[in-house]
Every structure is written in C-alpha cells, then in structure tokens.
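Same chain, two partners: subunit A is paired with subunit B first, then with subunit C.
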Partner chain A sequence: MTIQFNDETFRDDYSFRNSPWAIKRFPFPFDKDDYMYSVNMEPHKGGREGSVFQNRFDVDEHYVSEMRDRAKVLSDDPLRCQSLPHMTLAGWDLLELIMVSKSEDYPDLFELHRDGDKWRWINKPMGIDDTFTFLDEATLPYGPMEYITRQTQGDFALLDQRDDNLWMDAGMVTTQADWSLDFDIGMNFFEWHAPVPLAHEKGIFVRALKFLLNIQQGAPARRLNWTMTVNPLLDTSPENYHKWGIQKTELTPENIGSKQHLRVELQTFFRLPRSNGLVFPIRCYLCSFQDLMTVPKWGRRLHRVIRDLPEELATYKGFIDNRPMMVDYLSQFDDGQPTSLGIWPDLDSEPPLKK
Partner chain B sequence: MSGAEKITVTVTDIVPLNELVTRFKFERTDGALLPTFSGGAHTVVEMKDGDTTRLNPYSLMSDPMDQRAYTISVRRDDAGRGGSLFMHRNVKIGDEMTLSYPVNLFSLDLRAKKHLFFAGGIGITPFLAQIKQLERTGGNWELHYACRSEALGSYVDELTTHYPNQVHIYYDEQDQKIDLEHLLDGQPLGTHIYVCGPKGMIGWVRNTAEQLGWPREAVHHEEFLAPQSGKPFEVKLAVSNKVIQVGEHESLLEAIERAGVDAPYLCRGGACGQCETDVVECDGEILHRDHWLDEAEHASGKKIMPCVSRFEGKTLVLDR
Partner chain C sequence: MSKFEFPPSITSRPIWGSLTPRQGKHHLMIAEAEGAEAVLDIASPELMAKTHLIYLARGTDYGDKLRALNPQHFRESPTFGAARQRIERVLQDAAMGLQLYLTGTEGMMGQVMQMAVTAGIPHTAIQTEHRGSTARRMQCVHCKGITEDVEIDPFVCSHCGLNLFVRDHYSRRLAAYQGVCIDAEDPGNVPESKGIYE
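The block that comes next holds the complex of A and B.
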C-alpha cells in the first residue's frame, strides 16, 4: 500500500488531521470498560492486517510532518537527543534494526543495500540516499542513534542492561508525555519510574523489570499506554510546559471535541544483539475526541473509562481539572449498551448509538 | 512456548582439540544468516538422544559479527548426565540440530576502561567471543588463563600467537598460579573483572576482589551448573494437576517438560532465574543447587529452581 503523507503541523495552527484510514487503525488502548495499570505485555510479532501492530516500526500518513517537527524541536533544544559514550554500539544496533525492518516491511519506501560494511540507505519519503561504513561514526552526519531516529517516528530510549537493572543511558525524546530525557539520563528503571502513582505499591515495576531483563533476541514485546493532550501537540515536554500547560485551560464545551486528544503510546521492546542493550521505542498516536466518537464502541467505552478512573491516575495524567467537562461531552456518546471485549472498533458488529 | 526462539542448523565442522574438548560449527540449514550476538552469549543446544531431549547451554565462541556460522567448544564430562558425551559420540557433520537464539547472561560492561578476564579450563569460551568483539571496537583487555596442562590448553596457541602482550597462560601441572592480589592491585580506575571457570576459581576471584575493596558491580562471573543426578523423587504439579516422577539422571525441569507441562526456562544452569517456581507444599528437603535464589530464599523452602535443584522427602507440590 502506498501512503499519502500529510503536510501538517503539531504546533501553532495545529493543522494535524487523521484521515478516516488513520482513525480506523488508531490504537484504542482500552480493551474493556475500566482501566487500571497492569504489565500488559504481549509479543510484538505482527498483528491484524493494516493495524499499527502489523510491522516492527509502523509508518503512517504523519511520518514526514512528524520528522519535520522533530527537527524543529532538536534545533531549539539539542539536549532532547543524548547518548552516553558507552552507548554508541547500541546506537548502531538500533540503526541496523530499523533499516533492516523498514526496508523489509516497506520496500516501496525504504531500501537498504549492504556490501560487507559498506551500506547504502535510501529513504524515499524524506529524500535521503546515503552511503556509509557500518560501525564507523565518521561516515554519518550524526551519531548512529540520532541519524536513524531523525528518520523514524516515535521516541526512543536506549537502555543499558547491567547489575540486574536497566539504565536510561541514551535516547531521542521529542514527542513525550511530559518526561525529560535530560532529567532521566543515567537513571535506572526504578529511579525514572519514581513519579508514577499506585503502580509501585502494586509491585508492577518489580515484575515489569523482571520481564524486560528477560526479553530475548528475536522475541520483541509491546504494550499500550495512554494519556490526554489538549491540541495535537507532539512535544509535551517538561522543558516546554510553560508553552503548552496553559492550553489545558482553553478547553470549552464547544471546542472540546476537536481540541481534546487521546494520546496513545505504542511501546515496544527489542533486545539489541551486539550491545546486549534494550531499545524502548515509544510511538505516539493522537486522535481527537470527535474523531474517536465516529466509532460507537469507542464512544461508549471512553466515557466509562474516563468517568470511573481513580483520581490519582487522572491527576498523574494531568487532566483531573478537565475531567468533568470531558465526561459531560463523552456522555452524549454512551447509550448504556454493552460493549464487545477487545480494543478493535468492531464497526460491523457493534450497534450504532441509540439516542 | 518456553525458552528463547529456535534456529534450525546443520553441523558443518567438528574439530577435536585435545583429549577432552571438541569444537562444533553450525550453519543455518536454510542458508540464511544467523543473528549477530554480543560476546559472552550462550546458545542452548537441543539434542535428540533417542526418546530423551537434552538441552545444554554452551557459550558462543565465534566472532559475534560473523553471521555465517556459530561455533561452540564442548568439554567431555564422563561423569555427567550424557549431554557432552552425546555431542562427542553421536553428533556428525551434516546432522541437523536446533539451537536457541543467543542469550547473554555474561555481558561486557561497555563502560569499562579495561576488561580484565580470568578463565579456567573450558571457561575460556565466552572470552574468545568477547575478545573478538573488543578487538573490533578497540577495547582494552587482558586475559589470564589457567589450564591443567599444555596438552589440555584449548586455544592457547591461537591466543598467544595473536595477542602475545595481552594473554597470560598458567599451567597447573607446572605449578604456575595467577598472582591475583598483585594483579588486582595494579589496575587502572574503571577496570572490570570477569571470571569464568570452575566453582573454586570463581569464588577465589570474587572473594579476593571483594576483600581488596572492588565494587560488586565491577566483578562479573558466569558459571553454568550441569544438573546433578540424584535419587528419584515424586512431585505434584498443582496447576496442571499432575503427579510426575523425576528419574535419577533427569532434572526436575526435564521431568516437568516430559509430562507435557510448559515451564519457562532460559539457561538451564541455575543462573538466569527464568524457571523460578513457587513451592505450594513441602514435606522434606529441597536440595538447592542454583545461583539465583539467595540464602534466605533457599532457607524459606518457598521457591525452587527446577533446572538444577532436587528434592528428598515425602511430598513436594509446585505451583506449575
């Protein structure tokens, strides 16, 4: 399938839009009518045809514009991309993983030609055609991690594994849900998760770490996480909170449908073969409330989840003040009918809204 | 499915190195490339020995960047349960076998300014891959390798020829001994120690380093235990509602698998922690042999590592 790439912005005039194709394949994160943390991991080995789970690194209509936004964030704040000296090999691992995956999964968009350590990489959507020597940094315009993640949607945390822990020792983070690489760099798994409420008490992180330490080569894993964002902003960073935080107060009952977005992260985990590190790609998908409401099942379910979410979670996710307005809006799309299990839209089998 | 992903390979070369050690080379049967790996990784080799499936971990010793073939070296253990004997006696060039994807429980710490390796006997194998990795990336390393005799010194010639200044050999038979305290005293800041070899050697290096004030995080070791034979015993599996018999030369994990119950595992040598199992009821003594559980967990009788540990007594019920 050939993708039509949108020309759109994630700032200022917010011209970001989801096509009907993108709405239908949006990774709706709730598989039932309530939500609590869990170690909801599954193997990242393909998925439903056309879904965001199908390929190792999903490419969609927002690709080219997202990469333009990343370049802008980096030129304003170069500390969004950092790599401690011992992580260069992991950066090459990541470059290899992405180039091999994308050229196999999207042969019409990406090509990789390898002759020993002489590699040629063609990225057609971005107009790139580079030849370089694998494992020789001097032959690339950036370090290997920065080079490839300037061409790949989603944030990337490169984790070193040692002393039975994971360490956030490198990353490219420009589309984050309010966390900072510059603050977290060098921290271990428990340190960087310290701000998350409730999950520590439930032992979630001890179990999650054990799971992650055991992720093996050839057996990547994935999970979904979510939060809320007013306006389709990719860069909701602590560094720029003074710019975007205020926008949360601009929500009204009239504009909530178009301004309020459900923000979903497809988080995947791959063991890196040469460095024995882990890469943790965090891919952000945005969808406005009004677009989500075109799927009757999602309308019913989102209302129930947001209405019944524990207060600590609504506070942590930063929408406690706007929750009453959200619930008012969403209640119009909940007629009380039961919903089918699972995250899929089920447009053919779920009944239309009865109101 | 438990364990790492699997690869079907063909044995393409078998080279006896000395009286005890033989090297095996594997290439993918479908002709494709093997996954790259990191120095220190092992693979679990699946052996079809009649009705018995043996799964033994062996360190990968080939160049991690060479995706055409993997090589391992197997030391024959005449008193063992038969895995190494099977490799030595039954495996022939052209045989098809199954390997697991590489798993690394003995990884280099890439922050190290210098990597100081201590090998004993067949414990040399993970270092062979780590040395190749470090040579490619310009890493700083030094090897101290103790062998029983010149005749049993696997890869000594190759190592001393290629790296005369970095490799130091010690023969027990000639009463040569690593001057450990002196060596550990003279290392630059940021040095990491790695030891792989017999149990006694690992303990000696770790304890000496600890006494000299080395940080725990800078001392790495790998020791795979082969499951030991023992008296047969009976176990009840609570979740699958089965009663199984563990034979004299069989591990508890193997008996669980033989009963058709899928149990998690990776290293099968008491080191990785993947097969950790809760004990529901225990009237008797668990014979703990793993490195994974700590002393308090061993004493509690609430957990067991079925890959290497056994049981003697009346009743053992597991949450499996």
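The block that comes next holds the complex of A and C.
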C-alpha cells in the first residue's frame, strides 16, 4: 500500500487533518461503554489488516509532518531527548529493532542493507540514505536512539531493568501527555507513575511491572491509553504548559467538534536483545470529536464513557472543566441504542444514529 | 524539638528515616541547622571518635554543643552552599564502608544523597532524618531553574517569575520537587499563597 503523506502542522495554524482512511483505522480506546484503569495488555503480534496494530511500528499519513514537528521541538529544547551514559547499547538495540521492523513491514518505504557491521539505511519518505558502522556512535550524526527516533513516530522511553524494577534511563519525548522526561529520567516504574491517581490503590502498577519484567524477546506486548487535547497539539509538554494551557479555555459549543481531540496512545513494549532493556514506544494518535462522530458506535460510546468517568480521572486527564461542554456535544450522537463489544467501528453492522 | 510528620503522599516523594548509630570505621555526618539535635541524640564518644561532622549552621547555634562531642573532624559552615565543595571532596576521598548520616532540610539531604551516589557510596550506607524547616527545593518545569527553600504554595519562580504550584512529584536526580504554572489556563488568577502543609 502506498501512503500519501500529509503536509500539515500540529501547532500555530493546526492544519493537521485525518483522512477517511485514518479515521476508520483510529485506535478507539474504549471496548465497552465505561472506563476504568486496568492492566489491559495483549500480545503485540499483528492485528487486523490496515489497523494500527498490524505492524510493529505503524507508519501513517502523518509521518513526515510529525517528524518535522519533532525536529522543531528538539531545536527549541534539546532536553526532550536524553540518554544516561549506560543506555547507549540499548539505543543500538532500538535502532536495530526499528530498522529491521520497518524495512520488513514497509519495504517500499524503508530499506536496510547489512554487510557485517556496515549498514546502509534508506528512509525514502524523509529522503535519508546513510551508511554507518553498527555499534560505532561516531559514524552517526546523533546517538543511536536519537538518530532512529527522529525518524519514527511516537515517543520512546528506554528502560533499564535491574533490582526487579524498570528505570527510565533514556528517552525521546516530544508528543507526551503532559509529563517531563527531563524531570522523570532516572526514576523507577513506581516513581514516574507516582502522580497517577487511583491506579496505585488498585494494584495496577504492581501487576503491570510484574508483567513487563517478564516480557521476552520476540514477544512484545501492547495496550491503549488515552486523554483529551484541545487542538491537534502533539507537544502537550509540561515544559510548555504555560503557553498551551490557555487553549483549553478556547472551546465553545460551536468549535468543540473540530477543536476537541481524543488523544490515544498505542503503547508497546519490546525486550531488547543485547542490553536486556525494554523499549516502551508511546505512539500518539489524535482524532477530532467531529471525525469520531462519523462512526455511530463511537459517538454513542464516547458520550457514555465521558459522562460517567470518575471525577478524579477527568481531573487528572485535565478536562474536568470542559467535561460538561463535551457531554452536551456528545449527547447529540447518543440515541441510547446498545453498542457492540470491542473497539472496532463496526460500520457495517451497527445501526445509524436514530435522531 | 518535635519532628514534623509529613502527610502520606505519592510514591516518588522521599520518605525520611531516623538516624541510628551503625558499625564501621568511618562515619560522615552532615547536620543542617536543627539537624544538630539528631546528631546529639545518637552521639556516643566511641562513634564520634570515628566521625567527620559537618555542621551547616544557617543561623542556628549548636556549634559549641557539637564540638563538645569531640568528633574526629569538625567543620562549621554557615550554609550548605558554602560547604558543598568540601563535602564533595570528603565523599570522593571516602574509604570503603563509610557510613553517611544526613539530617536537616529535604533540599540538603536530597542534594548530598545525589552527590554521594555519584561518588559511589551505596544507598544502603546512607541514613537520613528530617529536622527543622519543611521548606522545599523546587524546580520550575518551564524554565528549569531551581528555587531553594520554598515554604509557600503557590510561589513565584525565582528565575522566570511564573506563578508555580508545588507538586509532591520528586526527582532524586535533581533533588527537587516539581513546580508547575498555576494560572496557565486563567492568567493572573493566582490563589493566595499558604504554607505548603497548611
């Protein structure tokens, strides 16, 4: 399949748009009409054809523009990409994983030619053709993690495993849901999740850590997480919150359909072979409310989930003030009919909106 | 002076302990202000004969009492800032098995812990006890500047001037809590500051 890459922005004039193809494959995160935290892990071994789950690292129409946005964030704030000294080998592991996966999954877009440790990497969408020596940092323009994650959608946390815990010792973080790599680097699994409400008490993190510590090479896992973002802003960083926070107050009943976006993270987890580290890609997908409402099942369900979400979660996810307006808007798309189980749009089997 | 009981908090927030004398040939104690009382509580002639004691007075007056414990080495400094290089040097020169005792504010203990870990002291050899001021060392997440001794919430970043609220989220690497802009969504609407634990 050939992907038409959009020329679009995730800031200023916000020209970001989803095509009908992108809307249909949007990873809607709610498999039923209510939501609470859970350790919702499943094997990351493919998925429905054309879905974001199909390939190890999904490439979509936003790829080139997202990489341009990342370069802009990094030039404004280089601390968004950091690696503690012992993490370089894990960075090479990640580079290999991504290059091998992308060249196998998208042979028309990416090529990897290996002759011993002499590697040639061709990234056609970004116009890159580099030859380098594997495991020799001096032959790349950036460290290995930074090099490859400047060419791969999603944020990346590189985790070191020791003392029966995971330590966030490196990362590339420019499309985050309001957390700071610069602040959190060096923290263990419980520390960097410390600000999340309710989940600690439910034992979520203890169980999740146990699961992650046991992830084996070649058997990656995945889960979805979500939040809300006003405007298709990728860089919702705490660093810049004093600049973008005001946008949350610019919602009106007239513009909410186009301005309010559901922000979904496809989180995957891969064991790395040489370092025994773990890489945790956090891929962000954005979809406006009005685009989501083109899928009747999602309209019904999103209304019910947002309406009934516990207050702590709406506060933590930062939309408690806008929730009433969201529920008002979404209620137009909920006719009370039952919804089918699972996250898929089910366009052929779900009834149209009855209002 | 009674010890302050910190309210229960999130998992990144440090939990400070109580000093107890330990076995070992080499001991380094760093006592800031009222932290002197924690040293006086555990001091014995045998322990102090093997102890390098650094007292960061910050306007308190425990110098004579501490000197009277006859530590192997004694240094009084007006502030942590004034003693930083000396502490770094002592940590670099530390013999295997050094026991480290830290007592005073969270900011001082956090920074010396970070220095000690960097110098290769195992965390199991470090004890802490909070005494005195409950002020916090805060990093502004926006400009990255550190403001020392923050007692109120919200407060004004001493570097960029933004109004910040005080989070419990804590970085051991930075030895600082995180401060985040409080009026980003409603500029100028800053609630009146009050004590962090009020």
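As a working rule, the second predicted complex is superposed on the first by the 355 of 355 C-alpha atoms of A that agree within 3 Å, B and C clash if a C-alpha of one lies under 4 Å from a C-alpha of the other, contacts with A are read in each partner's own complex, and residues count from 1 in each chain.
Here is the rule we go by: a residue touches a chain if its C-beta (ideal position, glycine included) is under 8 Å from a C-beta of that chain, and two chains touch if they have at least 3 such contacts.
Treat the numbers as computed from the prediction; the structure is a model and nothing was measured.
> For A:Ser180, decide between first (touching subunit B), second (touching subunit C), both and neither.
second
> Going by the contact rule set out at the top, does A:Gln217 touch subunit B (first), subunit C (second), both, or neither?
Only subunit B; A:Gln217 stays clear of subunit C.
> Given the superposition on chain A, which partner contacts more residues in subunit A: subunit B or subunit C?
The larger set of subunit A residues in touch belongs to C.
> Taking the superposition as given, does A:Leu89 touch the first partner, subunit B, the second, subunit C, both, or neither?
first
> Is A:Ile246 touching anything from subunit B or subunit C once the two structures are fitted on A? First, second, both or neither.
second
> Contact-wise, after the overlay, does A:Met172 reach subunit B, subunit C, both or neither (first, second, both, neither)?
A:Met172 sits against neither subunit B nor subunit C.
> Could you look at A:Pro195 and tell me whether it touches subunit B, subunit C, both or neither (first, second, both, neither)?
second
> On the A-aligned overlay, A:Asn276 touches which partner chain: subunit B = first, subunit C = second, or both, or neither?
first
> Applying the document's contact rule, which stretches of subunit A touch subunit B when the two form their complex?
Against subunit B, subunit A makes touches at 85-87, 89, 135, 160-163, 210, 214, 216-219, 273-276.
> Quick check on the complex: what are the subunit C residues that touch subunit A?
Going by the criterion above, the answer is residues 10-13, 139, 141-142, 144, 162, 167-174, 178, 180-181, 184-187.
> Could you please specify the touching residues of subunit B with respect to subunit A in the complex?
4-5, 35-38, 40-41, 64-65, 101-104, 107-111, 133, 136-137, 217, 266, 272-274
> For the complex, which residues does subunit A have touching subunit C?
It is residues 79, 180, 182-187, 190-195, 200, 238-246, 248-249, 321 of subunit A that touch subunit C.
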